[in-house]
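Have a look at these structures, which come just after this line.
Both of the next two complexes hold subunit A, though its partner changes from subunit B to subunit C.
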Partner chain A sequence: MEPLISIRLHHPKPIFQPGNILRCEYQVDAVELQQLTAVEASVLWRTEGKGDEDMGVHFFERRTPHEAPGNDLRQAFFFETSLPPSPLSYEGMIVRICWCARVRVFLRRGREVFFDKTFRLGAVRAAKFAASPASVLTS
Partner chain B sequence: MSRAYSIAGGANSNRTRNTLARFIRLLGKKRGERRTGSPMVGSVGEASFYGGLFLTGSLALAALLTSHAASNDGMSWGLGLGVAVFASLILTGGGGLIFRVAQVASSQERRNVLASRAANIEFIGIELLGDDAAGIRYPAVPDETFFKNSPGTRLLYRLPSTGAAIWKLSAATIFCLIWNGLSCVLVVLAFNTHRGGAPDWFLTVFVVPFVGVGVWAIYYFIRQLSMYAGIGATAVEISDLPLVPGRRYEVFVAQWGKLQMDSLDLDLVCDEEALFQQGTNLRLETKRVRSQRVFHQENFSILPNGVFEAECEIEIPADAMHSFQSAHNAIHWKLVVRGSARGWPEYERSFPVLIHPLTEPVEQGSWNRS
Partner chain C sequence: MTPPLAPTEFPPTNPFSSRFIRPGARPFIFPAGQSLPLLLDTLRKQAWRGEIVGRHGSGKSTLLHSLQASLLEAGLEATCFVLRADGKIPPALRRFQWPTAASILVIDGFEQLSWPLRRKLLQTSRGKPNRGEQRGLITTSHRGLGLPRAFTTRPTLEIAQRVVDQMQVSGAARVEPSDVARCFHRHEGDIRETLFELYDVHQSKSHTPPAVYI
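Let's look at the complex of A and B:
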């Protein structure tokens, strides 16, 4: 049985502008207390599409049982961060840039589970047309 | 926390990864950087390999040094070589083991954060990446220094050219020299067999297509050289950098060379680039996602020692994506000059520009002049 990871963004819509404050609450549930060794929360961008995946972490915090009240990592935690001016979310033809809040749970015996809550940063329109549809492939 | 959470996890979640496979498989497939099979088995295997390398090196080095001490022999080349080989085993094994353990003990996000912090460590009082560096103020946006290092004569900046012409000419020169050098050696060898009265017909037949390719290489080299020297330089200047979506800028284009031009175009284009592994090959795919005509002129002449000059304006689309650069993906904006001159093949020269993300509202179409 894998734990349930819940992430909630305190914002009416998952659309933000650079400089906005992202407030986030997360909780890990349906897991025994002794099973949890650490929980990491991060706000990051990553690329999707044809190229190999790249990633940039904007915010990161790691909690271990010693740092949590009552040594219990299953309670709800909160963090907030001011979002950076770039890179903005983008839906391209072969490159996509996605922002997300990620919670990664470390369990006993080296097991890991994570969940992403995606959101948009900025208002860049998707690349809908291509003036030159042919791709150029070089080795 | 009254509203519903986004809940994931469990067997049906396709967002959950890096969990231990139920049945450990020793064999797996590699797809780019992704691999099937158990990551834990892979990590243990890799750590064992490097650990074994380290132990082998340590034991062998200890045995070599103790046996040498017991024999009371002096220093020799053999001893030095043995020490170097075993020390390299120790370094490779130890370094690999430490790297592997560091990867196991932390997540991808944590490693990314540690790497970013390491880049910001002050080194002898100098911060490697200051807060004012463009890379910090605008993460994943290329540094503006490259674009702004050349002042213009008419407008504020002259844009750097990334045209492929000089690379084509260099490649043609190197290929032509190497191929024709080899051809000369083969021709002389074949000629000597004929002169000596024992002609080597296999070598002779083999030399003919070899020389043919050499002649084509000379023709291609001369064509590239004449294109490079004959068409003349192209310069593009702009009133400000970096560019901001929604703003207008002045652009100046100059074309040198004695030419009868059929057409000259200037386009603002946006290219996406993706670098990926396919098997053991590294491939780069480029896709043009936006193209906007800025300037067009037909049927004009450029006199000897003269220059064609034109001024125009560009408006960066308000919803345009900013320039972006990461390890394997990029979004590049550039001004592209395309020319067609009588007696010459069509040519294209690119001048990259930098577009920053919009951080404050801009009045649509407002000017940025030098």
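Let's look at the complex of A and C:
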């Protein structure tokens, strides 16, 4: 059975502006203590769409059992980070830029699982599908 | 009319994004009567020497990914090189030395190699069974290049439809069978190009309004 990963953003809406502080709490549950070898939390952006994908890590922290109180990685952890000016979230027709807080859990025997909590950075207009290029809205 | 997207909603990921169609992202779908165990059996009988042949976009690399996982599960050591049409040959492949007595070299895009290098690998891949050398060479190419044939990829519309069904299993199925058939025939059976075009079809049927998210 896969462990449960919960991520909570301390913000009324998952929408941020550059320079905002992202406060995040995460917890891993439904897994035996001995199964956990490490937990990584990151804030990253990635592209997806028709072409090659790209990504950038804005924030990263890794915790191992000996760094956690009681050697227990299942307790709730918290981090905060100031969000950068770019890249801004974008919903295009052939590419989108997605921001997320990601928690990756490393288990014994090399297994790993992760969960993303998506949020939006900035207020760039989404592209609209149109038959003619002239009617495509841009930011 | 489709309602506007609420500011806090995120449009679902297009299931035909490149991350979902790259080789290895999905298991290879075999035609009726064929399977991965049968392919493994064929390769075993051929002393782990064999080529997977098929046209561009027919699933050779995807099949190779599925096969590699099975080789590892079978306890066979496999070294894999993926060659692209840019003609660049990894230095590690030029200088390749068989690492152990029992190892298999896997090359995706065997025709990218020069004839002398192909010949060298074909010859050395036989090993010397009387000395306990159990080597193997498994390749993909667009045409036969000197190894015993292990599998020929021949995509059909039915297989393309099954691939699309799998890709849309977790979300709303916006791509219809008629879309798949149209794209499949337009690209003359090239599954990769078919999926590439279906990205646009899916996107055009998705609701992505020009909203400002503030």
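The rule we apply is simple: the second predicted complex is superposed on the first by the 128 of 139 C-alpha atoms of A that agree within 3 Å, B and C clash if a C-alpha of one lies under 4 Å from a C-alpha of the other, contacts with A are read in each partner's own complex, and residues count from 1 in each chain.
As a working rule, a residue touches a chain if its C-beta (ideal position, glycine included) is under 8 Å from a C-beta of that chain, and two chains touch if they have at least 3 such contacts.
In this text the structure is predicted, and so the values were computed from the model without any measurement.
Once chain A of one complex is fitted onto chain A of the other, the partner contacts of A:Arg120 are limited to subunit C, with no touch recorded for subunit B.
Look at A:Asp72: by the touch rule set out above, it reaches neither subunit B nor subunit C.
Using the contact criterion defined above for the overlaid structures, shared-chain residue A:Arg111 touches subunit B, although it does not reach subunit C. When the two structures are aligned on the shared chain, A:Phe60 is found in touch with subunit B, with no touch to subunit C.
Of the two partner chains placed by superposition, A:Glu32 touches none, neither subunit B nor subunit C.
Using the contact criterion defined above for the overlaid structures, shared-chain residue A:Met93 touches subunit B and also reaches subunit C. In the superposition on chain A, A:Pro84 makes contact with subunit B only, not with subunit C.
After overlaying the two complexes on the shared chain, residue contacts for A:Lys13 are found with subunit C alone; subunit B is out of touch.
Measured by the number of subunit A residues touched, the leading partner among subunit B and subunit C is B.
In the superposed model, A:Asp52 lies in contact with both subunit B and subunit C. Residues 49-53, 93-94, 122-125, 127, 129, 137 of subunit A lie in contact with subunit B in one complex and with subunit C in the other.
On subunit C, the positions that touch subunit A within their shared complex are 5, 7-8, 10-11, 13-14, 17-19, 196, 199-200, 203-204, 206, 208-214. Only residues 2-8, 18-19, 25, 27, 30, 40, 42, 44-45, 47, 49-58, 60, 62, 76, 84-88, 90, 92-95, 97, 102, 104, 106, 109-117, 122-125, 127, 129-132, 135-139 of subunit A touch subunit B when the two sit together in their complex. Interface of subunit B with subunit A (complex): residues 1, 3, 5-11, 13, 15-20, 32-33, 40, 104, 107-110, 112-113, 116, 137-141, 269-270, 272-277, 281-291, 319-322, 324, 326-331, 356-359.
The touching residues of subunit A, counted against subunit C in their complex, run 13-15, 48-53, 89, 91, 93-94, 96, 98, 118, 120, 122-129, 137.
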